[in-house]
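Dropping the structures in below, format is structure tokens.
Each of the next two complexes has chain A plus one other chain: chain B in the first, chain C in the second.
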Partner chain A sequence: MKLQRVRAVALKETRHLLRDPGSLAMMVLMPVMLLFIFGYAIRLDVLEAPIGVFQEATDGVSGELTAHLDASRAFRVSARYDNRRALGDALQAGHIWAGIVIPHDFARELARGDARIQLLLDGVDANTARLLRNYARTMIGEYALRQGAARPPLVLEERVWFNEARESRYAILPGVIALVMAVMGALMTSLTIAREMELGNLVMLCTTPLSRTEFLCGKLAPYLLIGLLDVLVAAFVTTTLFDVPLRGSLLALVSVSTLFLLVVLMQGALISMVAGNQMLASQMAMVSTFLPALLLSGFVFAVQNMPRLLEYITYAVPARYYVTLCKAIFLKGVGPLLLWTEVVALVAVLLLLAIATVRRAARLGLLP
Partner chain B sequence: MRTEAGAGGAVPAISARAISRRFGRFVAVDVVDIAVARGEVFGLLGANGAGKTTTIRMLCGTLAPDGGSIEVGGVDMVRHARRARGRIGYVAQRWALYGDLSVRENLELQAGLYGLGAERARTRCRWALDYLELDAVAEARGDALPLGFQRRLALGCALLHEPDVLFLDEPTSGMDPLARQQLWDLIYELAESGIGILVTTHYMDEALFCDRLALMHAGRVVARGEPDALLAEPLEAPILELRAPRCDACREALARLPVVQEIVPGAGRLRIRLRPGTDVHAAIETVRATAAAHGALQASLREVAPTLEDVFVARLEQVAA
Partner chain C sequence: MIALLAESAIRLRALFRKEFRQLLRDPRMRFFVVVPPLIQLLVFGYAASYDVRRADIGVVDPVRSEQTRALLGAVTADGTFTAFAFADMRDAARAIDRGTVRAVLHFSPGFDHDQRVQLIADGSDSNSALMIVGQLAQSLQRAAGATAPIAIEERAWFNPNLEDRWFFVPGIIATVLLISTSMLIAMAVVREREIGTLERMMVTPVARIEFLLGKIAPVVCIGIFDVALVCVVAVFWFEVPMRCTVWSLTVATLLYLASTLGIGLLISSFVVTQQQAVLWMFFVTMPMILLSGFAFPIANMPEPAQWFAAINPLSHFLYVLRDMFLKGGGIADHAMRFAAMAALGLGAVAVSALRLR
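The block that comes next holds the complex of A and B.
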């Protein structure tokens, strides 16, 4: 391997990028855009959910309970109804996400120590329904304690570490960075070799003393730099605009990102050669990175909750390891040394991909 | 230092011995020998599918032969591929450089790929820009250049590392006559500087410009030699030329004559290929009588010297027989 030839290819590749400002801008701006879309679109917590209340009696106690719910951050009493049917209709129409029915004898029963109220939930969005139920339970419990109910003999003292405010975007955004880098990395390089195959440049390259490792290294180098730039921009946006803390070191983030980028860039290069044309290659790169990184990386859906077979498949998804590393570096502040299994897994995937890519490159006609 | 009996006793620029290549059951190249001496322009001719491209790909080292040996300047192409590739220059028929890079950038890339040192890269790029008259367009994008300039740039890129052999695949296809002539002048100059040049071409007039020729057909070399020597060989099938104002009128009648093998029409003339072994004098009388009977009274009819194309057609017929 001769560094001069690698440099010649890398310089040429950089010049292609500079000659095509549209694509270059896309490579730098797309991650930020995706970060915004995902950062705002994926919310797993509920804030000021609209609920409807039907008070069968207009006594002070019922009114107090309603005010207690309304005052919380989770709920907002958006409408009051004077019969059950109207409440049910509103739930069906989706005007409210949950309904609370306070019976006419609520005050008396509460004094007796045996009160009941009804919570009606819109189960179409099962996750939101579950969240609302948990919130409602907690708040009714608080209210009951305030009314002088006896403390239960056993109380769970909970402390949420690493994400004290239980903000879902804390958990999501580091994962979004992983998702975005997986897609961008593979997409960028998926076009590059296919383009040379389409335009016939390989005919010329094959008659020169250029070797396939020199060719691949030179091709990937500029994209690694762009990828790292993307990671830095994404980290900046995440920590400043979304207020997610970066508790680990930037160096740790850059190191694991370099490793992960090499994996996805290599994946893109392999796809590029297999596809042989830019159109097919970009589609293959999108599908093979986006879906696994979204669904099988543990980014939103915990790997541990998946069926066993699917869980095994996730071991082959490089984004899975990067998601874990990103979340840990951002929120837990631990370094890659503590999570060495993930690092080793990424190195292993990289080696396998590199071998496959160099082997496939033999068909290009370049020197070994 | 190895020496061997090649052209003039020196190591030939390129020598391929008994190379073959199959694709599945199809034999693309069937035991072909090719040697190009330094300073020689060697023409490889043949129709599409005759095996020219496969041969050139093997000589360039981008396709491994199934059998036989290839040496470039004495270096084994298969065993020392990297060193051998450093000694050849290749100009593809299609534009294979980078359209979004400038002329200078394309040259710089090539210098890097061939591993030239910084100083040598600078002087060689300078040389290419001057010698090929590309200086004025040095900063222009490759895809903005006219065809002739693109070919010259490709030539410059292939010559940057001062190769022993230069491969030119259909170098003049699609060019206007003036640009073609200029390119051939350049080819001669390069050959005189001691490079061995292998050219493929479709044009018979260009074949005459070569020092030596090889005609390929169905994967084999069916004719080889210097153009003059090939033309001087007597043909089994003599050729007559009939010149008459309206000679088309008698064409069908002439074609029916038993002595006539084929008639090639031209402007105001017919080229008449007789059957092998025909007595020319008797045939001239028969043809003249038939032509006169069909209105071509003031016809001039004589035996003519064969062209290179005639020679090749005759060879191909021999092979087919």
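The block that comes next holds the complex of A and C.
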């Protein structure tokens, strides 16, 4: 392998990228855009959800309960109804997300210690419904306590480590970096070799002394640099604009990211050669890298919540290890040394992919 | 006039044959029309869940009394939580760091007198952490003999078991269509330009509108095929209820297809290479999907994101789809949203047809 020839291919590819400043800008801006969307626009918790109340009796006690719910951060009593039917219609039409029915004998039953109320939820968005249900339980429990109900027997101290403010943003943003890497790395490289094959340039390269490893290294080098730039930009935006703490070291983040980038670049190169044309390559890259990175990596949907079979499948998704590492480095402040199993898994995947890629490259017709 | 139309019909037939062949000639391409939608459906159907159905938790119990053992038994009774014992908090903290347990139950050393328990959850997955803490707290209190002073009778309408699947699966129709159809059409046009066959097309008697129709026809067929495929799997495999009529679903799909094709064509009108097309597709579809309410509720978003949702055909289609599937609504119930989809679709197609010269 001659460095000079690798450099020539890398230079050619870089020039190719530089000639199209629009695309280059997009490759650098994409992480920022994704981080903004996830950082500003996306919340998984509920704030001021509109709920409707139907009080069968207009006594003070029912009114107090309604006021207590309205005062919470999670709910806003947006409408009161005077019959069950109207409440149901509003729920059906989507005007309210939940409805509460307080029966006419509520005050009397509460004094006796066995009151009941009805909570109707719009189940279309199951997660929001579950969150509302949990909030409603807490709020109603608090209210009962204030009315002089017996204290619950255990004293529970609830703590959410690494994320005391319980901001969903903290948990999501480190994972966005993984998503960005998977997209940029695999999608971009998947097109580059397929393009040469489609345009017929590869046949010309066969007549040169360029070997296949030199060709691959040169092709991938510029994308590795862009990817690393993306990581730095993403880390900067995450920590400064969105105040997510970087509790581990930047060095750990960069080295782990380099490892993951190499994996996705190899994946892209392999896809590119298998597909042979850009249209197919882009579809294959989407399905084999982007979707797993979005869904099977534990980025938003925890791997441990999935059915067992699917959980085993996630062991084959490189993004899963990277997301775990990213979250640990950002939030927990632990390094790759404690999570060495994840690092070993990434290295193993990288080796497998490298072997497969070089073997597949034999079919390109370049010198060995 | 009639002769002109007849000639045009002949050209269109030739174009249709060419486009269909070109798109479906490659067996791998045929594969990619069927398999990715199915994979997306299966993965979303099974993987996309915010609900905590099982979790490994650590237990630090320096007391080891009758009561703590009984509490632990009650917490793990329904199989959701699997408990692992740790000698002290340091070991347990390490397990949380490594991610082997998602929460820790820490009984205080003086539990017999003060009845204190610490519940610690791993906040690097905040949604699960909240669910786990909530469930643990509830089952602990209940096991310790708490009775709720106010009983809450809970009923979830339209989705009685609160299955995340019922929420996600209808939405997949919308995202699959967006990703596959707009990408296919953009690539099909740009490919001709990149290879240089678009210029050759210009010297033939084929009119611009005929060229576009020729490109659109196979993609529309693939789109409708994909919708049918996803619906069949959703209803028969995932048992998601489909409470609407096929007719209203078809109308909604066609209106939405106009927008996705318009977006693809619009992108193809200003990019030169396929690599650029892919990049642009991503740049446009990612925010569309993320801000559509597909996985994250729109109502929680800040105002500007909600304005974007108003002009995002995907968010209208998603709303209509979920409502039709789960609540059984029809075209009349969502006239405004259908009108919005129609306007957006026609607008996108018109602009791109003008731009593609």
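One rule holds for everything that comes next: the second predicted complex is superposed on the first by the 356 of 368 C-alpha atoms of A that agree within 3 Å, B and C clash if a C-alpha of one lies under 4 Å from a C-alpha of the other, contacts with A are read in each partner's own complex, and residues count from 1 in each chain.
As a convention for this text, a residue touches a chain if its C-beta (ideal position, glycine included) is under 8 Å from a C-beta of that chain, and two chains touch if they have at least 3 such contacts.
Just so it is clear, the structure is predicted and the values come from calculations on it, not from any experiment.
Touch criterion not met for A:V358: it reaches neither chain B nor chain C. Look at A:D20: by the touch rule set out above, it reaches both chain B and chain C. In the overlay built on the shared chain, the residue A:A74 is in contact with neither chain B nor chain C. Of the two partner chains placed by the overlay, only chain B lies in contact with A:V203; chain C stays clear of it. By the touch criterion stated above, A:R5 is placed in contact with chain B alone, chain C being left untouched. By the touch criterion stated above, A:L367 is placed in contact with chain B alone, chain C being left untouched. Between chain B and chain C, more residues of chain A are touched by C. Of the residues of chain A, those at positions 20 touch chain B in one of the two structures and chain C in the other.
Every residue of chain A that touches chain B in the complex is listed here, in rising order: 2, 4-5, 7-9, 11-12, 15-16, 19-20, 199-211, 365, 367.
Those residues of chain B that touch chain A in the complex are listed here as 60-63, 81-83, 85-86, 88-90, 92, 94-101, 105, 108-115, 157, 167. On the side of chain C, the complex with chain A involves touching residues 26, 28-29, 32, 35-36, 39-40, 43-44, 46-56, 94, 96-99, 102, 114-131, 133-134, 137-138, 140-141, 144-146, 148-160, 162-164, 166-167, 179-180, 183-184, 187-188, 191, 195, 273-276, 278-280, 282-283, 286-287, 290-291, 295-297, 299-302, 305, 322-323, 326-327. On the chain A side of its complex with chain C, the touching residues are 20, 22-23, 26-27, 30, 33-34, 37-38, 40-47, 49, 91-92, 94, 110, 113-131, 133-134, 136-138, 140-141, 143-145, 147, 149-150, 152-164, 166-168, 170-171, 174, 183, 187-188, 191-192, 195, 198, 275, 277-280, 282-284, 286-287, 291, 295-296, 298, 300-302, 304-307, 310, 324, 327-328, 331-332, 334, 338-339.
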